[in-house]
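Per-chain residue numbering starts at 1, and chain names A, B and C are given in the order in which the chains are listed.
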Amino acid sequence: MTEFLNDWGLILITFLPLVGALVMILVPKESEDTHKLLALVTALATAVVGVLLLLNFNYSSAGELQFLVDHQWIEVINSRFVMGLDGLSLPLLALTVGIMPLVFVYSWNHIPEPGNPKAFFILMLVLETGMIGSFVAQDLILFFVFFEVVLLPMYFMIGVWGGPERKYASIKFFLYTLFGSALMIVAFIGVSYLSKTQTFVIPELTAFGGAGITKATQVILFGGMFLGFGIKVPMFPFHTWLPDAHTQAPTQGSVILAAVLLKLGTYGFLRIAIPVLPLGARQWAPVIGVLAVIGIIYGALACLAQTDMKRLIAFSSVAHMGFTMLAISTLTDLGFNAAVFGMVAHGLITGMLFFLAGSIKERYHTLEIKRLGGLLVQAPKMGWILGLCTMASLGLPGLAGFWGEFPAILSAYAPAVGLSVPLFRTLMVVAALGTVLAAGYLLWLYQRTAFGTPTEEFASDPHIHDVETPEWIAWTPLLILIVVFGFVPGLIFNVTQPAVSLIAGAVGG
Amino acid sequence: MSNPLSAFLRDYLTVGIFASLAFVLVGLLLFISWLVRPDRRQAQKYIAYESGVDPVGDMWSQSQVRYYIFALLFVMFDVEAVFIFPWATQLEVFGFFGLIEMTIFIVILLLGLVYAWRKGVLRWV
Amino acid sequence: MTGFVAVLAATEDIPTPDVDWSAIAPNLILMLGGILLLTVVSVVRGRLPGWFHAVWTISVATAAIVAVVPLWQRVQDSGPESVLAGALVLDGFSLVVTATICVSVILAALLLEAYLRRERLGGPEWYVLMLLSASGGVTMATANDLVVVFIGLEILSVAVYVLAAMHRRRVSSQEAGLKYFVLGAFSSAFLLYGIALTYGATGSTNLSRIQAFLADTVITQNALLLGGLAFMLVGFGFKVAVVPFHNWKPDVYQGSPTPVTAFMATAVTAAAFAALLRVYVTTFGPTYRTEWQPLVAALTVLTLVVGAFLAISQTNVKRMLAYSSINHAGFVLLGVLAASAAGDAATLFYLVAYTFMAAGSFAVVAVVGRRGDGHHDLSDYQGLSRSRPGLALVFTILLLSQAGVPLTAGFLAKFYVLAAAVESGYTWLAVLAMLTAVVSAFMYLRIVVTMYFAEPEGEPRRPRIPAAAGLAMGLCVVGVLVIGIVPGPLSDVANDAVSQLVAVGR
């Protein structure tokens, strides 16, 4: 068993969703229930493989790549098919394979217009392959391939199943990301070309640590990667695609986007940009820090100005990813730990918030905050869940969100040696102000949607009911994890610490 | 014959002799005809195209399109001749190889003619 | 009279080359296949069925590909060789381009068969001209002498001029033929002038001898040679449509019958780039690289930018693809510009990949164009995902490949040329190229959006998909995906197929 997992585990988990999608292509479009079942079974099987990997993972050496797969791929350019799992990838992999079945469960009776679950589910399964592949790929080209594979299904999900402005939103999403990855691939080629062995294998490049590449070159190459990953995160000022994409995407798309897709950017910084180009990272760190804090404040202020619940949650993502990026920009192991925790926590909480937004939209047919109200009266269970999630999102201690934000702010107190301490302490203060704003807009949102009495137009709407069974099944695991990680943050920190301390050590933190 | 330059020039001397012979011959013939022929001047004899149509009207006149195809066919065989003449002078040098080459060349052109024929190009409708 | 004798004596030396028939077999097969088809149809009484011509053409092209295989083995085993007294060269590069041209003949013939039936046009002439044109292309790709390059170019071009104008009832087809002819003749003049100047500077038109001469001799007054290089660049530039010599391309691509456009975009481009690469990189690369590289770099910048930006303002899909092919030409030029073994391989890879992408895309356009070959507006693609989901999917895959999305041939093609350019120190150009790729991605997305997301006015039409055209599209999609997912074999071949020259005796 262990041996099988060692050799095939990662290949299996990556391509299992794709196999499921291929099977689904053969099933005729009309048998919708078969498709729902097939998709769910595939996602569950993938999750089972994920659990097996979690169980067989050697936690005492979480800093090393495990289940390593290494095959010849494109020989002429030295690109190899390398996959591996370490403490950095593990939480994100678990997040991905964990969330996908829940999304499929949720989809059981929530197929967005214009229907056609076959195509919808196939796209989601392809998306899953892309996301898992990105987190386990250990070769720049392989990573890039998976990174781009993610793009297309999401583009179609927004474009076909999205809201009224879907055309604009989908093209914007696609072009922004493509623009970033276009420069990223040039940076990848540059890094590989300038490395001693002209390899694309990430561990080799990490070990090599940018030796021999001059500081100026590293700054330029890092800039290319910064654009690629920064747009994906998204960092201020490249964030403008996110509110549009989130608002227009179907619920499932929003959840996946928030829970996993945004993490590809931050993960890219930790896995590739920083360890491969340490000198460049040190030059860019203050810029990233400042942009991150601008993102925090800007996102929070934008939230206060929103009238649409989904758009508000989208801007809150900008703010939360700002915390993560601030943590990364400190180049310390505390910061990196906080960043990974922040990613997972944001994935759980914001994913949950988008689920709720989707369900509210389905009941009220609107997400305009001023038309909502009295959720606690009409659907009390849902109201309480929304309450828990907003509390978690604003960083209440005891819930997962806290451990993403608090250490991030703390890490800015003592950035890596060589970085300007006064600058980062200023950033820390401003970021802390951001949490106050976050509390403001989230409580404001909760107050206006859940408290009070229902507005007249919905007061006697029989359509509005409390949480349904598929929703319970989809949400319970997320809620439990939000609480569990809030009380036992060590579950994640212990896994990530060995991996990120290596990176921090390499950058000289 | 002693130095190559004079040999080279001697070749041109041959050309020169031939050229002057040609001039002399033409001049001689014109002179004889001038001596022999009767000389009756008339106005008509001084207009252009003495024997044809008066050049009046638009100079952009249309002609039968079929001439165009014949012109093309003519060009085809003209070009063929252009290639065959120099080849013929050196046939011995090229030998058997040259014979095959020229056969291929002519056959390809003939195939073109066959095609044109089958297409009805040669028929004057 | 002794002078005459001397001249006669000198002619004794005229070499009659040993003809290695097997070495020129692919070209011979194509040429004879074309001539024979013409003969057969003119000798046989009555009309032959339309499919016969297509089957014949496909068989001939397949036979040519089969003939390439043993030659490839031979070149791999014993190295490149020169054929026909140094007029042609047999190396991996020329063989791969030959095979590519044959593939595009097959794809175009598949399209043509149904197209001619739909448009009620007939005749074997289309196929004959295509085979002869392909033979010209192969001649260009194998040429080891500037004069042979020129002859190949003319055989290729003259046939395509006629093909462009072959749709007799469409005025735009006539226009395309005339435009292509006039500008093509113009560019031939430039090329010829460049060849003449080069001959004047180096004393030979044979590429091997030019290379050897330049390696041994330092030319102090090289204005003549530089002029020759510049003029030849203009000549080739017209053929591959690099900016600013691109003006004919949108009109010609739009006006020509769509299968002919597919042929032009694939075979003509491949042959012209092969010749360009052999002349500039292989022959002049070692000695005169620094002289021509700035020129080509400037052309590359223009080609990339103009191709991408003019494409996004179009509303005619055929025209969009024409402009996008200009952008693609910029990418190929990037591989040429690298002037290295990696650049050669990248160029070759790009040409092969582009053959599948372009032929497939124009196949879709041909089908959607419907009778009259005129429905090429973006609005004609509205609702295609509902009326013809398979066709929409095929077009999407091909367009995404053209945009350079991973797991398709287009991504690796772009990747290789970028890698080659970065290695040769053109990182800034690589960045620029990728930015233009994003711009043209917007154009491809517009088409995809129209197919999938736009609400059609009224019931979307269901274009008829003939079996042969469907087969062509299937082949292209399979090609694009297979190259994209398992690029190893093709990139190995491309790497083994570096353009080389063989020293020839006098």
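Details
By our rule, a residue touches a chain if its C-beta (ideal position, glycine included) is under 8 Å from a C-beta of that chain, and two chains touch if they have at least 3 such contacts.
Since the structure is predicted, the reported quantities are computational estimates derived from the model, not experimental observations.
Centroid distances from chain B, each centroid being the mean of CA atoms, peak for A.
The central chain here, found by comparing per-chain C-alpha centres with the mean of all protein C-alpha atoms, is C.
The distance from the centre of chain A to the centre of chain C, each centre being the mean of the chain's C-alpha atoms, comes to 44 Å.
Inter-chain spacing, taken between the CA centroids of chain A and chain B, is 84 Å. Look at where the CA atoms of chain B average out and do the same for chain C: the two points lie 40 Å apart. Shared contact sites, meaning residues of chain B that touch two or more other chains, are absent.
Those residues of chain C whose C-beta lies close enough to touch chain A in the complex are 345, 400, 403, 405-407, 411-412, 415-416, 418-419, 422-423, 427, 430-431, 434-435, 437-438, 441-442, 445, 449, 452-454, 487-488, 491-492, 495. Only residues 1, 7-8, 10-11, 14, 90, 93-95, 97-98, 108, 111, 114-115, 117-119 of chain B touch chain C when the two sit together in their complex.
Those residues of chain A lying in contact with chain C across their complex are 73-77, 141, 144-145, 148-149, 151-152, 156, 159-160, 166-167, 170-171, 174-175, 178-179, 182-183, 185-186, 189-190, 193, 224. Looking at the complex, you find that chain C touches chain B at residues 1-4, 6, 11-12, 14, 16, 35, 38-39, 42-43.
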